[in-house]
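Here you go, one structure.
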Amino acid sequence: MSKRIGLLTGGGDCPGLNPAIRGAVIQAMELGYECWGLEEGWKGLIEGNARKLALEDVEGIVGQGGTILGTSRTNPFKKEKGVEKALASMKSLNLYSLIAMGGEDTLGVAQRLYAEHQVKVVGVPKTMDNDLSATDYTFGFDTATSVAVDAAERLIDTGKSHRRVMVLEVMGREAGWVALFTGIASGADYIAIPEKPFDEAEMIEQIKTAYARKKHALVVVSEALKFSKPASNGAAVPDKDDFGHTLLKAQGTGDTLAEMIEKGTGIETRASVIGHIQRGGKPTLFDRILATRVGVKAAQMTHAGQFGRMAAMKGSEITDASLKEAAGTLKKVSADWIYMAQTLSMKREIVSR
Amino acid sequence: MSKRIGLLTGGGDCPGLNPAIRGAVIQAMELGYECWGLEEGWKGLIEGNARKLALEDVEGIVGQGGTILGTSRTNPFKKEKGVEKALASMKSLNLYSLIAMGGEDTLGVAQRLYAEHQVKVVGVPKTMDNDLSATDYTFGFDTATSVAVDAAERLIDTGKSHRRVMVLEVMGREAGWVALFTGIASGADYIAIPEKPFDEAEMIEQIKTAYARKKHALVVVSEALKFSKPASNGAAVPDKDDFGHTLLKAQGTGDTLAEMIEKGTGIETRASVIGHIQRGGKPTLFDRILATRVGVKAAQMTHAGQFGRMAAMKGSEITDASLKEAAGTLKKVSADWIYMAQTLSMKREIVSR
Amino acid sequence: MSKRIGLLTGGGDCPGLNPAIRGAVIQAMELGYECWGLEEGWKGLIEGNARKLALEDVEGIVGQGGTILGTSRTNPFKKEKGVEKALASMKSLNLYSLIAMGGEDTLGVAQRLYAEHQVKVVGVPKTMDNDLSATDYTFGFDTATSVAVDAAERLIDTGKSHRRVMVLEVMGREAGWVALFTGIASGADYIAIPEKPFDEAEMIEQIKTAYARKKHALVVVSEALKFSKPASNGAAVPDKDDFGHTLLKAQGTGDTLAEMIEKGTGIETRASVIGHIQRGGKPTLFDRILATRVGVKAAQMTHAGQFGRMAAMKGSEITDASLKEAAGTLKKVSADWIYMAQTLSMKREIVSR
Amino acid sequence: MSKRIGLLTGGGDCPGLNPAIRGAVIQAMELGYECWGLEEGWKGLIEGNARKLALEDVEGIVGQGGTILGTSRTNPFKKEKGVEKALASMKSLNLYSLIAMGGEDTLGVAQRLYAEHQVKVVGVPKTMDNDLSATDYTFGFDTATSVAVDAAERLIDTGKSHRRVMVLEVMGREAGWVALFTGIASGADYIAIPEKPFDEAEMIEQIKTAYARKKHALVVVSEALKFSKPASNGAAVPDKDDFGHTLLKAQGTGDTLAEMIEKGTGIETRASVIGHIQRGGKPTLFDRILATRVGVKAAQMTHAGQFGRMAAMKGSEITDASLKEAAGTLKKVSADWIYMAQTLSMKREIVSR
């Protein structure tokens, strides 16, 4: 009888999970395994909720957004008897090993199940934010950022027509990659990311210069941006108001910047937030290929017995990395990238030459 | 010397203005006129800000979003000496007539200039909301709604993966056309528009039924929705809170519905708003053709001396209508459409059969 | 027991069939009927190959290309005992009536089954060519032409970069609608359709003028174009060569025009053919709405007993028309449209002004 | 006075040239240089045809296909006094150095001008085929392959509806990368590339198996495929016919495979060729970022005096490589990739398990 691999997807959904599932399942079948899909991430393992995956289930999903397995943020280590139940399901479902696809949280659980309970686990990293240090790129990022670029280009049309400054707020819980790539690829006049201390005066100056030349301007800002100081003109808001309410959560970084800009430049300014729309949709070519490769790799790693590890992209190769590493330091935008972004958004110095 | 036509685009920008400009200019040239573009709507006429449009300016713009002429909401009748200055510009720029492209406001000004000051004006209707009663379709609507459908499909991917209800709030200042078409074309499980009295219990019931079957659901709601009564469970909010603040403006209809649904069904629910992103981008084929046709028609009407009128779509023909009519009654979603939308969102009765 | 409606799709597939199926099935369920899907057009009826369609089968297909029922060009009147078998299947499957979706051929069979054998049939027209005279628009056309416009815009990029003339050959078996709309919506410099006698000298002149101004040019040609005379320079080919072989089939109108242009202007010219790629893909908003409406209408017509008729679009209304009419005269591009296309492709006269 | 850099784009155009130009120009300005655009590749240098590039010329082109500089296949070493004239233009235009963007041919000229005439040249590699061994990825490839995947998905819709096998022929002059990525990303049932000896029997077997399961199948084939032997059933054609005519050029690999498949399986089969449509259009996010990075790098290399070299992508870093190397060995699809593609197209062995 074939050994059974349990497959699950956890955390926020993103484009690429389905091609990754397809890659893992078909490669596993080719190597002689059976794949069982656990429903809704770790929840499915806790509840013993699984179904056998046939070729027919996965062969047509390479271009589909989301995940056919469903996902959740359930963490067995935070659930009453969660780990106990998960281990019991491994037995009752007769699972030889697991392939866990997800971000920091999902992979963290995988790592602990491996280290503390000797569960045979292989990880597949996934985050739209592209901030896992153990891998060069994670699938989902290219698609999500492409959606943001498309939105940015729409805003440019409106900005040009109305002679306005447009602000686009994009995803990124801690790192600025989505904002950085969106800004470079749409020709933004200012990009605000958490890795670079926010300088209101610089932003105002840069927008004034761009506007003087073009009669419109585009700003891309990461939701993760922190405002280090109250703005001189009162537009910037601290994390809490006088009564202790969290203001930024209510308002968003996009709206905050738009207010600052309108006050600082006198130019009509509008903000938009992409939000959940960025999560879905058909994966791009890049994400389909990357997701397929890491999915295939995870099945090969299972066959080779490389447990406690995850598939990773290093350069143009797919290799493997320790799951421990994955839960390690965040990959932040480097100084080189910041320099390039600043050059391209055309600082005053260039223009005046 | 050729007679000069002044061309302007006013109000909110929308996809289709550029192909309409192209159509008008090339047809006018062919009929022996010169076209002068007035910058930023009526503002350009008031300030005498115009430039001659050559073939080179317009021949490549059929696929571009926005308007190369710029737009604004400036109204000469609301500006100090606005009309006086506009009339003076007609003379100083030596304009024989005007082609004014815009929505209710822009066309209203056109109508008054014609009726009260004998300015030779032809109108071209434009509104993404598709709510002008004098014409069957207005360009911009097809593109904007296509963007919304794309967003809806992305939300479905996420909804399916997370087993959530997703709510999408779309444009529509007074009529529900955008929400209606978005909902039908994305297979929404509930569509909430201002033309149909909002019934919270019905919505909750319908979503529960859809969710039971599919483990996810999609709701599309028009920003124009009005809540006729405070919801039984307190989720719905009146226009003002106890202190008289306008709450809906802050929260949006999407968020309001999402709260209602989460409370009423116990299912995790998320809302998204498209906002300004819906305004820009390349016009769809439908909008390019429609915009081209009404632009061409406006030049032909100018040549035929049909002033005080606007180009209109009736059936599959382009005809003309009185500008007075255009400023008339709003075109609202009819009972037939509401019946069809309700049938397609699959009321409980069907399913239980 | 509910009455059973048999549903089939015949002829070439096109985007919109799935939303039409969805509309018909859900409306029919709401009116108390059961729907049975016949596999691969009339073939399914002849062979008695059908399955019951549940809500689950159709509710998610509004955005899918192709047809879930399959299609074929099988014609019962051309098959040995085809009609006999079809009538037998009506009985054995216990079908009360049929809804037949397709083009001229499919609807022709429907008409004959109704007229000669009293089969209760309602038709739903479909043709990417948009050439059915009994209806203003048919679904599939907007999507297919949108694909062609996208291709045209790609070719313009290449034409500009290489200073070339690009020729795009698009679908259209007898009428030039696809080429006309593609050409207008992409700003083509010449549009060649069967409804306008082909004039090689005019084309060469027009391209030279456009090229002189822009250093590139775009020509859109319908596959249906007929060359009325051998070209003066020998580039144009008659339908048959000296040995009686059909040449155009081998070469295509696009390649033929490209050769003519390269010889007549001395400018490097390249041709592309879209072919089958134009048939598939997600239906556009316009096609989803139109297809849904005619599908819904077909179910309503069934309920109202309007057999021997088909759903049709007249203006912005969905109405019904005789199936006999549908098989009638072809809808060709009218003189008004040809005048507009010629104006927009900027004849020499305008430019020299 | 600022030093002047001459910029040119040569060879076949591709998406990404414009963002690369933008990156190079803005970075060069920031470093204190002036950029002059040479028209239509080496032709512009030979003829001394150039214009100064201002910020306004490049800041809005990041999302545009093609190249604003124009391109050609002109090679100064193959033109009468071509090199002499090029060197004279360097002087008369007062050019300090060159940045040459192009494929093997363009970079080969750059290399010789550097090695034989001491011209200060930096190269930027470009090829849609992705077959330059000196760099991991070249811009243009992601966009062109994305267009092919879109076409493949459209063909799948049609294939499913008509129960057909569909064959898609894609670009690739010598290497199979475009076909490989297109096939993996669209879930093709067979991928035929020049790097793997073509085995007709294997293909027929694999398609029969896929068709038995799904009632349709997709084949992706590279235009570069060579048929090593005449097919057993006579369908395959050698490079030349009995009279020495090149047959494949006339027919194409797609048509050839389609004939083979129809004869070998008895299933209706259709072929499509993308052709020139694959070259144009907006660059994808991946290509915009990559192109921007290598453009920026080329300006930095100019400043650092790294002549005779080109910008290259190694892993996720942009580095530099010798121009000599660039003209070296072709990067072909490796055995690992072939194994993965074969696994994913689901060989018979898997299915029978």
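Note that the chains take the letters A, B, C and D in the order they are written out, and that residue 1 is the start of every chain.
Keep in mind that, in the parts below, a residue touches a chain if its C-beta (ideal position, glycine included) is under 8 Å from a C-beta of that chain, and two chains touch if they have at least 3 such contacts.
Keep in mind it's a predicted model, so treat the numbers as computed, not measured.
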Path length in the contact graph (subunit B to subunit C, fewest steps): 1
Partner chains that subunit A and subunit D have in common: none
Chain copies touching (subunit C, subunit D) - same or different residues, decided at half shared: same
Centre distance in Å when subunit B and subunit D are each reduced to the mean of their C-alpha atoms: 42
Computed distance of Cα centres, subunit B from subunit A, in Å: 33
Contacts with two or more other chains, residues of subunit D listed in rising order: 153
Topology of the chain contact graph, where touching chains are joined (line, ring, star, complete, other): ring
Every chain pair meeting the contact rule: A-B, A-D, B-C, C-D
Sites on subunit A touched by subunit B in the complex: 9, 12-13, 15, 17, 40, 64-67, 70-72, 147, 150-151, 153-158, 160-163, 166, 215, 270, 272-281
Residues of subunit B that touch subunit C when the two form their complex: 19, 22-23, 26-27, 29-30, 55-56, 59-60, 62-63, 136-137, 142, 145-146, 149, 153, 181, 184-187, 213-214, 284-286, 288-289, 292-293, 296, 314-316, 340, 343-344, 346-347, 349-351, 353
